[in-house]
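Each of the next two complexes has subunit A plus one more chain, namely subunit B in the first and subunit C in the second.
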Partner chain A sequence: MSAPNCLRCLVRPTAGIPISAPLAAPIALAHAHARAAPFSTTAANARPRKETEKKTGSKDHSRGGKKLQLGKFKKDHIASKGRSPLPGERKAYRKRITLSNDNAIPVPWLTDLGPEALASAENTARVLALPEEVQDQLRAGEAFKPTQCWGMFRKPAVLVRKETVDLANRMQDAADKKQMLRLVVTGDKVAGKSMMLLQAMAHAHLNNWIVIHLPEAQELTTACTEYAPIPGTDPVQYMQPVYVLKLIQAIKRANEKVLAKTYTAQAHPELPQNIPPNTPLLKLANVAKEADGAWPVFQALWSELTAHNAARPPILFSLDGLAHAMKPSDYRSPAFDLIHSHDLALLKLFTDALGGAVKFPAGGAVLAATSRSNAPRVPSMELALAQREAEERVRQKVEGAEVPQKDPFFRGYDERVEAVLRSVQVLRVGGVDKLEARALMEYWAASGMLRATVDERAVTEKWTLAGSGVLGEMERATLLTMRV
Partner chain B sequence: MVAIFGVNFNEQKLVKKALESFYALGPQTSARILAKYYIHPRAKVGTLAPKTVTALTAELSTMTIESDARRALQDNIKRLRDMGTYRGRRHAMGLPVRGQRTRNQIETAKKLNRVERRG
Partner chain C sequence: MASPANILRLCLRPSRRLPSLRAAALQQSALRRPLSTTQWRAAAAEDGAKSKEAEDEADQAFSNPGQFLTNFLRDEKITDEERQLAKRMLADWHNVPPHMKKEFDKLNDEITEESAYLRRPMLAKRDSFWNTEESDPDLITDEVGEDDFEEDDIMAMGHAKLEEHREFREYARLAVWEMPLLSKLAKPFQPPTEQEVLRFRYTTYMGEFHPADRKVVVEFCPRDIPGLTEAQQLKLKKLAGARYNPEKDIVKMSSERFEHQAQNKRYLGDLVDKMIATAKDPTDMFEDVPLDTRHHTFKPKIKFPKEWYLTEERKKELEAQRKQALLLDEGKRTEGLMIDGVQTIQKALLTAKVEEPVVLTRVRSTRGRR
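And now, the complex of A and B:
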């Protein structure tokens, strides 16, 4: 991976400074040599040992030759390596997100995304930059991932693909008709599924939607955040107060402007702070200060966002790593049974929305992306997605299209998952075509990250190396190999 | 520092590990206690609400752990000895109980097998 600072400074000289081999030289000559050079780059150890030194060595009682050294590798022998990292420091370093690289060349022809940019087909196969404001919003919503190559370029930019335009258009259509787009983005490893979500979020932010993003479903289901039962629910549902507080703060930071212009429709007497009707939702979100009271605030916020008797902007609700949200979680109930992910209240909101049980007043989209690198096996989800895709092919009368059926001898299917995914749309993200690959490589070359002529041959080579244009593989083949 | 069942624990310590530090409380029991009080397995002692800490202490005080568990063990050995069984006698003599040879390698038995066994 190429570093943000200049690599040439770090390159070590391959041919070292020539060291004359003084040990074999006559002593007198060596002495003369040492005296003649007041300044020398030769290491002190390379100096020839004097006869006297050898003699003093033989005078004391230590035996010459090879000695047994005990405890050579013990801990105290190793010099202290300085300050050890503070708790959480290493993780913060691992998860840091760098969005710009001052050493990259600014690309003069790079234009910022406009509100309609992602939905217009003429932008296909163009690289467009994310405006500053959207960058901040996406960062607040944790849309960027540390594995993506943002830190190599002057400013974050995205490639507009055919799928992007398709998705943005579907979102826009749904919002225009005040309907909900319920869609699952799926595809091969490193094909750009999370990036598709990011583009959808950017589109939503640019068009003043409210964006709620759950960056990793596994944070909710692998039993690493606090949980508590919600009183008065049957079957029992569980809230995750610490996560919800974090989420409310992320929503607040990402959607500050829109929330300030959206007003509450009803009073919320259950909250600690008095929220009369016609208060900005931003103020409602600000009520959540501690994890203890976060869930009621989130519920109030959700009921306001989905209130049908008031003016509401469209909403984008998205989640990455869907498989984790479609299986029993690692949490346990007091009876020591595993709690199903859909019994966790926050994920229940999402799955209800994805399944079509909740309607947003001004329409919007519920998007989920699957993951291929960190995903437990969920046979029901895999089957349901395959079925939805096949049904689409059957609808388009593709020859030989056949809807896969359940294996009658397999018991691992989950009805709740099937119910959620019964009527979703599926967007498969595959490799890019050569035109898009070329646009991307030209952008890389213009940023100085690709030192090669971008011609037909180079594009075809990388495109083929990347398994017919799988974007992550193209990055690996082109950017992440160090050929300076 | 948070006191659970009279023992002070560092706030950074995992609740699961803190529970398992008590004699006769293992992974199975600790997992069940955690589930009973809605504590996730990676929770640290410092994040527990005071109410939960008192509830944990109350829960632990109803269980046979620490000195109670040790006493139960000693009672079992004593019962064997009082009945005059072979196992009881071997415990009293500090020798292997289950038919091992005693010519050598009985240090563990000498250390552990007593009527007043440590635990």
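And now, the complex of A and C:
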């Protein structure tokens, strides 16, 4: 009777053991363990691993005695790292804005800014505090920057400079005549260009203007926010709904009071919510709840703000980091061509206003500030600004003033940029003079941030170290050093 | 009168051009500068035509005066006197007996053959290793049998050394005795007149052959050229292209295209004439083309600012400013408005309210302060 045995051979090739032989108990046990791997080529009488481990209690492939340990000084062996920051947490920490420091000494003579304070020349070379309300408005408009030293003092205060008074007066003049001030603030690195914008915004808020501020042009042009073509535009324009929603909310928070007192002039049937005429603009701004419908709402808001047949407050429209808005953006059209920044609808509104194509009904100002640390090279813009400055000098008959001309053999110029900057005013922000530097240093010392007597010697020293009073450099030389 | 000397001179005139010599020399120059960094450029079309014409003329080899004279008479530009003279000479030539003519031809051939060696360019051997077999003109001996000592004389190297020494002494004698005499020939410097607007620069290597000795450089200022309007001057500058220096307002051109300095100078002179003629041509004034200065880097000349000079006035001004600043300081000090950071901090620390430690009664409230 060999047939069943042969069949079994076919089925189970491991049957080296004669089936008729009596099975020893340990082998049967081993079989029970090896059930998981029925086709193992390992001999069936191999020693089962786990049991031996349990018996000896030692590690696999290990021997006794001294062992070489590699990497025993690595960090993770020494200390645990703790919780790693959540996504976005590092950035939030980097970008946080602290506006007060409870440890700083309150400055007794510090007074709050009044509506006329920034425009009066008596306040030149004085440090004045921003009122609480304006602080909130400016914070909503993202006027404060993380690189500025707000977090060192008890409350945010600004130095009134000659340029500030000049700018505030120009704004006031324009608003009085119902005209538009179109101006570009430029100057060296850390000279206070963004601070000049902040002061202009503070002045506007104090005088019940409507302030629309684009805090960084690069947020709009470096392809980091969503975009979509606007149907029915030729040449095609692009909206940035997420950014616009954020902007509407910022406008709403910053200008709540003024918007509540300004009423719509026409109906807006295209909006999902019914907005009849004579509705406060605040309500119109409240319509934008989601990014999807944000752009039509913004358009409606813009058309209301620029409606000439209704009572409107003056408007300040400002932008920081102008160079990013004056070049082709990083966005691509469906044909994979780069989209020019001026084809992005929001920036187009700004550039039109800066170029003089849009008139605000009650006048106002369109301000732009250049940046020196984060700025792509835009030859057209640089040339245009230099030309405007030179033209001003020629008008004042300064000796040797000459308007720079285009290089005829350079191809990198951009006509759209030139068209926008053809008739703007340019305000150059340079270093402060010693009187202003002294006022600032006295404020620092009175806040307990500068451990020195503020006399002429100290002021001159820091003023000179800062390259003839460049404010950022003065801060670096005085506030941000570890020498106390 | 057809003297034999005159005939000989006329006969030699065509052959003096030595067409093969010129061609060889051109070839030679190309070979001698194998490592030139200058790009090989073809001549402009017109120049090419001109040189071809010249070559055609030179290619006509005349074996005897008769041929030359007939060819000479064909030229329409010669004066009547020359024509008559040539006719007479041609008649004389026809009167010369045939065996003399034959002898003349033979002599001519012999001269050409004998002088061929002189005209032949020195070619580097193609397969030589680093031109080892090339003759070296800088060696003082000819290296043939120089190590053979025949016990009757010093060796070749010694003779060569003596020869070299003699040569040095000869030049030393020249320098001492004859060079000072050159000062007699010195002419006082005459500044160029208004008519002499071109300034040429030549290079000489004191009689030695050098590939750069043919180079001629011309400089001129477009403003100096008489009879040019502003627009024509501008056009001239545009024509000059990268040869125009906008900072110095000078056009600088050079030529080393031809074998001889004189030829290069002539070429440059003609070129300047042509440029001026083109600049005066009103058909196209290049008004749509801006003057290109991309080839030139303008270096800003940094000067010490006038305002920084410490003049007496400035010193007084600074003194006054300092005095005023000190007065301001003094005023603040007397009024007690001078701010001292350290004192401020100390005062603030003294007046700061120290919170009373709160007695904690309940265990739960340990976390909050109040």
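In this section, the second predicted complex is superposed on the first by the 409 of 484 C-alpha atoms of A that agree within 3 Å, B and C clash if a C-alpha of one lies under 4 Å from a C-alpha of the other, contacts with A are read in each partner's own complex, and residues count from 1 in each chain.
Note that in this section a contact is a pair of C-beta atoms (placed from the backbone, for glycine too) under 8 Å apart; a residue touches a chain by one contact, two chains touch by 3 or more.
This structure is a prediction, so every number in the text was calculated from the model and none was measured.
In the superposition on chain A, contact of A:Ala452 is made with subunit C only, not with subunit B. In the superposition on chain A, A:Phe336 makes contact with subunit B only, not with subunit C. Contacts of A:Pro229 after superposition: subunit B is touched, whereas subunit C is not reached.
In the superposition on chain A, A:Phe409 makes contact with subunit C only, not with subunit B. Residue overlap on subunit A between its contacts with subunit B in one complex and with subunit C in the other: absent. Within the complex, the subunit C residues that touch subunit A are 290, 292, 294, 322, 325-326, 328-329, 332, 338-342, 344-345, 348. On subunit B, the positions that touch subunit A within their shared complex are 12, 31-32, 34-36, 38, 40-43, 47.
Here subunit A touches subunit C in the complex through residues 105, 408-409, 434, 442, 444-446, 448-456, 460, going by the rule given at the top. Taken together, the subunit A residues at the contact with subunit B in this complex read 87, 223-229, 238, 330-336.
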